[in-house]
Amino acid sequence: MAIETTLPDRPLFQAANISKSFDGTQALTDVSLTIRCGEVHALMGENGAGKSTLMKILAGLFPADSGDVYLDGRKVVHHSPFQAMQHGIAMIHQELMPILDMTVAENLLLGREPVGRIPGVIDRRVARAEAERMLGLLQLDFPTDRRMRTLSVAQMQMVEIAKALGQNARIVIMDEPTAAISNREIDALFAAIRSMKARGVAVVYITHKMDEVFAIADVVTVLRDGCHVATRPATELNNDTLIELMVGRELRELLPKPCEAGEAIALSVRHLTRAGSFRNISFDLKCGEVLGIAGLMGAGRTEVASAIFGLKLPDSGEIVVHGRPAKIRSAADSMRLGIGMVTEDRKGQGIVPAMSVAHNVTLAALDAYCTGPFIRRKRERAAVDENLRTFAIRTSSRGQPVGELSGGNQQKVVIAKTLLTNPTIILLDEPTRGVDIGAKAEIYTIVARLAQQGRSVILISSELPEIMALCDRVLVMRQGTIAAELAVAKTTQEEILRYAMPV
Amino acid sequence: MPCPSDRAVSLSRLRAWIKQFGILAAIVIIAATLGCAKPTFLTTTNLVNVARQISINGILGVGVTLVLLTGGVDLSLGSVVALTGVIAACFAHPGVYPLCVPLILGIAAGMACGATNGLVITGGVPPFIATLGTMTVARGLAQVISDGRPVSNMSPAMIRLAGDVGGIPVPVIILAAVALAAWTMLTNTRLGRHIYAVGGNENAARASGIDVRRVKMFAYTICGALTGLAGIVLAARINTGQPNAGLAYELDAIAAVVIGGTSLSGGAGGIGGTILGALLMGVINNGLDLLNVSSYYQQIVKGIIIVGAVWLDRRSSRKEG
Amino acid sequence: MKRSALTLTAFLLLSLGCNQPPEPSKAASGEKQIVIGVTMMNMANEYIVGLNDAMAAQAKASRVKLIVNDAQRSAEKQVQQVETFIAQKVDAIILNPCEVEASSPAVDKAQAAGIPIVNVNSETSSAPTAFVGSHDEESARLAMEYIAARLSGKGEVVMMHGYMGQAAQIKRDRGARAVLAKNSGLHLLAEQTAEWDRAKAVTLMENWLQVHGDKISAVFAQNDEMAMGALLAIERAKKKDQVIVVGVDAIADALQAVKDGRLDATVFQDAKGQGSTAVTVAVRLANKRPVEKETFIPFQLVTKENAGTFAK
């Protein structure tokens, strides 16, 4: 690929005074952004700050209400991702959308398949060569005839990036590219970003992770509540100053202090086994305790919690709730026993996107707002308004569909829904995934408050600092079994990791 | 932090209004045009006529709305209409049984078909296939029971079900009652809320402690019961139970529901839209008949309007983001 | 899962076995019994059911065996059924065609296989060995002439068509128009299809009454189902004393309505005559005896006066 002739610090792309509102909520107000050739530009802010909205406007997914976009100093308008691509702007989405049953080559060339001598028939030889060329741009060497389904998330991401580069993208927008990949894969991703940089391609990088910003970004732009707060070179910033810019207040201590657990046992699990997921899981959960479950992805943590909550039934084993053996065949059963769960898969199992915020909040606890079969609207509304306040859920109205909220606010809706059933045992599966710092702090406070009220919490998390700060004890799971039970006060993150690693 | 402001609330409400208003506006415009072209269109008697003519499709539409909201579909409507009509007619000969017998048996037969659909579907067979099976079986049963012949000789009491009370056709009264009950159920009861949740995200509904099987069983069974009711009304309207009645009625009913803005993938929509959708189709049908437009063109116009209405609807909802 | 599939298969096989007709074995006399394959257009149609009943009765009397298949309005299915008959080596085939063109391959195939084929009730474009039926034009002519006579040749008529493009619709339309052309005082006020369907006819008649009001003096419906629907709508509008309603086919409902003085007239298409003649012709062909190439069973007008004689 020919290296761009543009000078490194000439503005490649400018967005000027962009504004956008949805349904009465101002998502972006008068935001400007300048991107230069070969720079890695980090875009930061809490969830709901407007990062994704801004990027989707740049990528042509929807139009701005006002404001202009300039490429090489010329004003451009694009109405679709396809037009944006023609202008050299590509977006790598947070949730990748490859066609899983097609090969790598077919995905790479989707929509621009080379046609051979016979009209309408794809020339496979040319297609293969082209696909290999595209992968070569990132020094990737897996065979182009592998099915997408057999690739890891990180590999799929690489294919997407290769596809963008292969189509001569000059700006690649990446929306939280490291959300679902491992550390080793992150290194490979960063190598890919550096090679793009060397070619003069600009990368816009959206993330929540501070360390990544300082590792890869040249420039950082911070948005807050839809407004531009600051654009600074990364070298001029540190952890604290960045958080301050994002949150708008100094965060001396995000995490509350853990509190003392009681002695009574709320939940007791004995020899719980489910073939292929976990085996012989036994532990006790005390009243007022926050019990952490650490482990790598796929260690069986989510599966254990789902078994306790009745979503995926165990093959054998015993669950005792408040001293009584419990027969749990469904979520309805466990909710009757006072168990609540915030699932890891927010979109799949947490929210009903088309339903309003209000109806999502009361969905699990509707009985409390009914007389006979009828819903008492007034009582329901009062409860919803109270919850919107308590959990600081940002929404244009209680009638707004949940699907339109930012990730953090969706998560708070799910937590509010779960707690509205007034459970005494609460299972939280990765409750802060994809959630911004402000919302994280709010969720931590909620967890601490639950424990203070004498309720018991199981916290599944991949973020060890979270477990260290919130939990009394931690179970470390490895390949479907409990590898260790550690008292948080007497352990370190390193020790936990050691137990979590496969032997 | 932006609180839920009154301005925003009224704005989203206005948008919801316009969305419903879209079909209503279409109906008003079409009606006005027809009224100019053919003044008889806007007479009271003709408007009563239109109401009478949409009542069967309307009742079926209300039933299938419940099913579509759960994310399912029911293709068996037309055949079940024939089956329940035949069964009701068999028990409606004058002076044999009181009126309640054919009524109860017809509705019960419809419920049984609906419950069968529900059982098979919650047992894991996709709704399209399950109801396709019921469609064929019900049509066969209708022919077996009637021996392939229309079942006639109907009691005056039964025929009166298609007559008028105080100038208002009984089928219209039935439709109004059914629509009101279904609307109340969907908007004001727990079960209604659960129907939306199941259609909007089945897994999330299950994780919220909702008995998804029960909700689906309910939707299909009620749809079946309403289909039975429609079958009885149709039998009364044509004075016979016809084993070959109701061909493709399911498609008309589904069309009305979809024109009314209910999503085919479930979770969004409602009864109000369905009634408007049925009304739009009825107005077009009646108007084209009055204008003596050939049936060839009638089909073309109907097809374009169905697709056009849904296209407009989807376009406006996409713009909202 | 596997087991239940097995059970299901076993059940299906079993039930098929139970339905298997007894072997087309030799008759009591020791001589080979004649087997006739019959494919009917649509057994959901009352007239066709009557036709079938007449055939069954005649077959019983002639001691021949009928294998009856229902094509359910599908010409393609009909062709398949005839192919199966040929494979079964039946002695003769009776075809009640779904469509003029699309059912023709069935005739060609039977002819090629040397099996005599008799068309009953309607035609195909390929010539069968013999045809038994009626001139459909004649039915509409009889009905329309009755209307003309009742109105003394002056008045406004509306016509309900069957499925557009079907042979019966085309011929009945032709027959009706021939009469209209002869009577300059009769005007065709409106025409529309109600697809042979009673419910559709009710709606269509309601709409016609709405727009034409008291102008309509007679309704000609191309079958009795539609005539009954039109009659219901007119009776509900309390206008029966002003409008004459006439249908075709003389189905049981319509005969009863004529007897009761509600329906003015219908035209009797002789299902019994067609059915029994078809079987007789087929049997003669199977026995290699000569037959008439075409047998036309006449239509008869049914009014209140003679309705009693057509009781079914």
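Order of writing sets the chain letters: A, B and C. Residues in each chain are counted from 1.
Convention: contacts are C-beta pairs under 8 Å (C-beta built on N, C-alpha and C of every residue); 3 or more make two chains touch, one makes a residue touch a chain.
Keep in mind that what you see is a predicted model, and the values were worked out from it rather than measured.
Enquirer: So which chains are sitting against chain B and chain C at once?
Expert: Chains in contact with chain B as well as chain C: not a single one.
Enquirer: Suppose chain centres are the mean of their C-alpha atoms. Which chain sits farthest from chain C?
Expert: Centre of mass proxy via C-alpha means gives A as farthest from chain C.
Enquirer: Can you figure out the chain closest to the middle, judged by Cα centres?
Expert: B
Enquirer: Using the touch rule stated at the top, which two chains are linked by the largest number of C-beta contacts?
Expert: Ranked by C-beta contact count, first place goes to A-B.
Enquirer: What is the distance, in whole Å, between the centres of chain B and chain C, each centre taken as the mean of its C-alpha atoms?
Expert: Each chain's C-alpha centroid was found; their separation is 33 Å.
Enquirer: Hey, how far is the Cα centre of chain A from the one of chain C, in Å?
Expert: Roughly 68 Å, centre to centre.
Enquirer: How many angstrom lie between the CA centroids of chain A and chain B, rounded to a whole number?
Expert: Comparing mean C-alpha positions, chain B is 42 Å from chain A.
Enquirer: Quick one: which residues in chain C touch 2 or more of the other chains?
Expert: Within chain C, no residue contacts more than one other chain.
Enquirer: Applying the document's contact rule, which stretches of chain C touch chain B when the two form their complex?
Expert: Against chain B, chain C makes touches at 43-46, 49, 164, 190-193, 197-199, 202-204, 206-208, 210-211, 213, 225, 228-229, 232, 236, 251-253, 256.
Enquirer: For chain B, which residues are in contact with chain A within the complex?
Expert: Listed in rising order, the residues of chain B that touch chain A are 1-2, 4-5, 7-9, 11-13, 15, 188-191, 193-194, 196-197, 200-201, 203-211, 263, 267-268, 320-321.
Enquirer: For chain A, which residues are in contact with chain B within the complex?
Expert: Residue list for chain A touching chain B: 22-26, 62, 309, 311, 330-332, 335, 341, 343, 348-355, 359, 363-364, 366-367, 370, 373-375, 377, 388, 392, 394-400, 404, 417, 421.
Enquirer: Could you pull out which chain B residues touch chain C in their complex?
Expert: 38, 40, 43, 45-46, 49, 52-53, 143, 147-150, 152-153, 162-163, 234, 237-240, 242-247, 285-286, 289-290, 292, 294-296
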